[in-house]
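The following block contains the structure, expressed as structure tokens.
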Amino acid sequence: MLRIDGTATSIGQDLTNDELIYSVEGALRMGADAVATFGVIGVPREAQLSQKIGTVTEECERLGIPQMTEMIPRDILKHQFTDTAKREWPSDPEVIKYSARVAAELGADIVKGYYTGDPETFREVIEYCPVPYVVLGGPASNDPKVFLRFVREAMDCGARGVSVGRNVWTYKNPTAITRAICRIVHDDASAEEALKAFLS
Amino acid sequence: MLRIDGTATSIGQDLTNDELIYSVEGALRMGADAVATFGVIGVPREAQLSQKIGTVTEECERLGIPQMTEMIPRDILKHQFTDTAKREWPSDPEVIKYSARVAAELGADIVKGYYTGDPETFREVIEYCPVPYVVLGGPASNDPKVFLRFVREAMDCGARGVSVGRNVWTYKNPTAITRAICRIVHDDASAEEALKAFLS
Amino acid sequence: MLRIDGTATSIGQDLTNDELIYSVEGALRMGADAVATFGVIGVPREAQLSQKIGTVTEECERLGIPQMTEMIPRDILKHQFTDTAKREWPSDPEVIKYSARVAAELGADIVKGYYTGDPETFREVIEYCPVPYVVLGGPASNDPKVFLRFVREAMDCGARGVSVGRNVWTYKNPTAITRAICRIVHDDASAEEALKAFLS
Amino acid sequence: MLRIDGTATSIGQDLTNDELIYSVEGALRMGADAVATFGVIGVPREAQLSQKIGTVTEECERLGIPQMTEMIPRDILKHQFTDTAKREWPSDPEVIKYSARVAAELGADIVKGYYTGDPETFREVIEYCPVPYVVLGGPASNDPKVFLRFVREAMDCGARGVSVGRNVWTYKNPTAITRAICRIVHDDASAEEALKAFLS
Amino acid sequence: MLRIDGTATSIGQDLTNDELIYSVEGALRMGADAVATFGVIGVPREAQLSQKIGTVTEECERLGIPQMTEMIPRDILKHQFTDTAKREWPSDPEVIKYSARVAAELGADIVKGYYTGDPETFREVIEYCPVPYVVLGGPASNDPKVFLRFVREAMDCGARGVSVGRNVWTYKNPTAITRAICRIVHDDASAEEALKAFLS
């Protein structure tokens, strides 16, 4: 899966100024099986980001390749781009639900989004979203137990998987934590079993 | 009918920043019989929205598919995107007439627009508009009697149909209210007959 | 003749934000014999409007169809879009001359422009303009005698015709006033003869 | 030679907002042997103007037609667009040298630029510029003796020619002054001989 | 290698407004073996510059030609465009590392970047950057001994070469300093040997 936008950096001045750097056709030529895009709801560039996603959707339809769209609400934006941070959830879970819905309506085949912080509201997000939803990992949690429990909880609510970066690569042993996550996502293991896999 | 613009959300910062997310050709490829677009008269983005509609018109002509354009005046914009609200009408019915005319001149095959609030001025809107006019439902009315009377009144003035969203899907029984609306629009039933259809 | 720009409305916020809504090719496909465009000299959007006209010129050359360009100076802009108004002329007739010249240099085959208010200066406009010049009618004059005298005067100075809208359609009998104008433009009648044609 | 940009007018609000109104291909179709473009160094639109010139360069390479680029520094901009003015020179001759160099690096085949005001610094401009340099005439000088001396001086420094507009057409006898200029540029005559040609 | 952007000048108002002036295809047509582009991290135009680089990457992939991207952090921008200056290093070497990484992720085949000022942090930059890194020369150092030592140090840290302009052409004998640099880069000579080559 190739992320085809990405003009914003954490040193830059606008985390939402994230435009295409590659085309869907180019991704296909490089052998990608899917493309990933990024949007934010409730910010001044919202419309531009959404138009970008719509354009990618149309190219994906034309070329027969799926798109995963990460769509996050404004109030999570800052927290999301912190390297390590205490896990925080949006004050209003409705915005997660809304963001997922917008991504799906713009044509995303898979939505990558936040967890709401509790199973009850997150189940609603999943139900409300017409396409598969994968939970993003967000800032690095330094506690594998906490992180694996969070993965288990998200999967129990109906998430179709997780999309984890910093919570893998900031570990001294990225393979171990990856194995542990796979135990939950692919083998339906409990958080405790996964933690054992991590520690073994 | 596929809505091919839609980059604005009610969480976003500019309800009028509504650009294309799909092309007419893409809509055709997806099997759409018509496309829908959106414009606003009297706002800073007016010209951009109108240019979008003109561009779609040209593509529709080229590809042989009709366009329905929802065109609303500025003073209704906020009210329009409230989920539920007391039905309000523009202070000056002339702006409804004007909006419809502009949409038609930009090449819309069907205009989707407001009701003016009273039959006398609305008849003028219909007469002034050179293409078929369908009335938009607007914010959810919780009273089916009031809503069905409004549909009847609009049809009596020459509206060619209604375009209703929230006034259907916010009902516990969307099928019942749809059936009631169809009774008026397709079978020329009275508001009272339609209400019976809703209650049965 | 198809007007292919027109994104500005009198309810809108910038009368000069007038971009293309159709292409020259599209106009040709619709059977148009010529296209019409609009520009304003001395306003912030001047360059954009002129670039639009130049682009249309190139397409017109390529496709073999003429362009009529309405080019007006800034100080007439407001007066021009009033529905009815006492006929007003620019404080400096040079701007009319200059506007016509710019339109012609941008490639207009016919310039549609203002009358200067007096024959002496208007003759200079005509002489200075390398392509045929037609006089625009402007806001509705309610006095046919005044209007027909104005048409006669413009023609005597060398105008190749008139481009009249509101001064026809605001009449109860648009056919009569059209007939009267044609008497002057096509049959070289005097203003008095034309007025008789109007009254008969 | 066809000037293919030109959206700025002296009535307008930004003399540097000078974008393309025709394409290189269109110029070729019209039978042009070369195209002319315009840029300004040191102004907010500098980058846009330079990008325009680069784009034209690429088209010119592709189609085999040369480009002459007029490139002037900011501090001369106002003086340049005055109809008649006492001849003024930039406070720092380096900006003339720099402008010429930028035009050449953007791909101009011929640079059209200012005279620096004295032979010593102007020789450096010519030496520094890797392509032929023609001197622009600027605001009308009413004194043919002064103007012809200036042409002679520029040619002596290595200018390949002059590009004169207002200093020809504001003369009662444009042919005479043209003949005089040609005497210098093509026949290598002295300023005095050229003046005789003008007076004869 | 052809630099295909370059709309910013040191007289201009924004050193970061550096857009394409030529296409990759045009560069290939001119016989270029590679193209060079320029970006800055941490400035308002960051996203535009990055999108430009991404676009060039895709064209380079399509046409089979490599791209070298010069990517510098904001705090070095001013220093970089001074003609001669005491060699300065960024306050935080992390930004050099980060800039190189972004350039590589945008698809640069070679990164052209700053030296950090000391071998320890520079080794980290090289290790962190997934593609070859060449060190830019920056403002002219008037001391060949200092400059050659700097080249040696950078090479020792793993730089694949240097990209030097002002530190060659501001010398009275550019050939001599070029020969000296080549001694280090190609023949792995010590700074002292290179200095001898320069003096001989």
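For the reader, a short list of remarks on this structure follows.
Read from first to last, the chains carry the letters A, B, C, D and E; within each, the first residue is number 1.
Following the convention adopted for this analysis, a residue touches a chain if its C-beta (ideal position, glycine included) is under 8 Å from a C-beta of that chain, and two chains touch if they have at least 3 such contacts.
Small disclaimer: the values here were computed from a predicted structure and weren't measured.
Chains that count as touching both subunit C and subunit E, per the definition above, are D.
The minimum number of touch steps linking subunit A to subunit E comes to 1.
The geometric centre of subunit A is 35 Å away from that of subunit B, both derived from CA atoms.
Subunit B and subunit E have Cα centroids separated by 57 Å. Not a single residue in subunit B touches at least two other chains.
In terms of which chains touch, the assembly is arranged as a closed ring, every chain touching its two neighbours and no others. Read round the ring from subunit B, going to subunit C first, the chain order is B, C, D, E, A.
Chain contact summary for the complex, subunit B toward subunit C: residues 41-44, 46-48, 50-51, 53-55, 57-58, 61-62, 73-74, 95, 98, 102, 105-107. Every residue of subunit C that touches subunit B in the complex is listed here, in rising order: 6-9, 11-14, 17-23, 26, 29-30.
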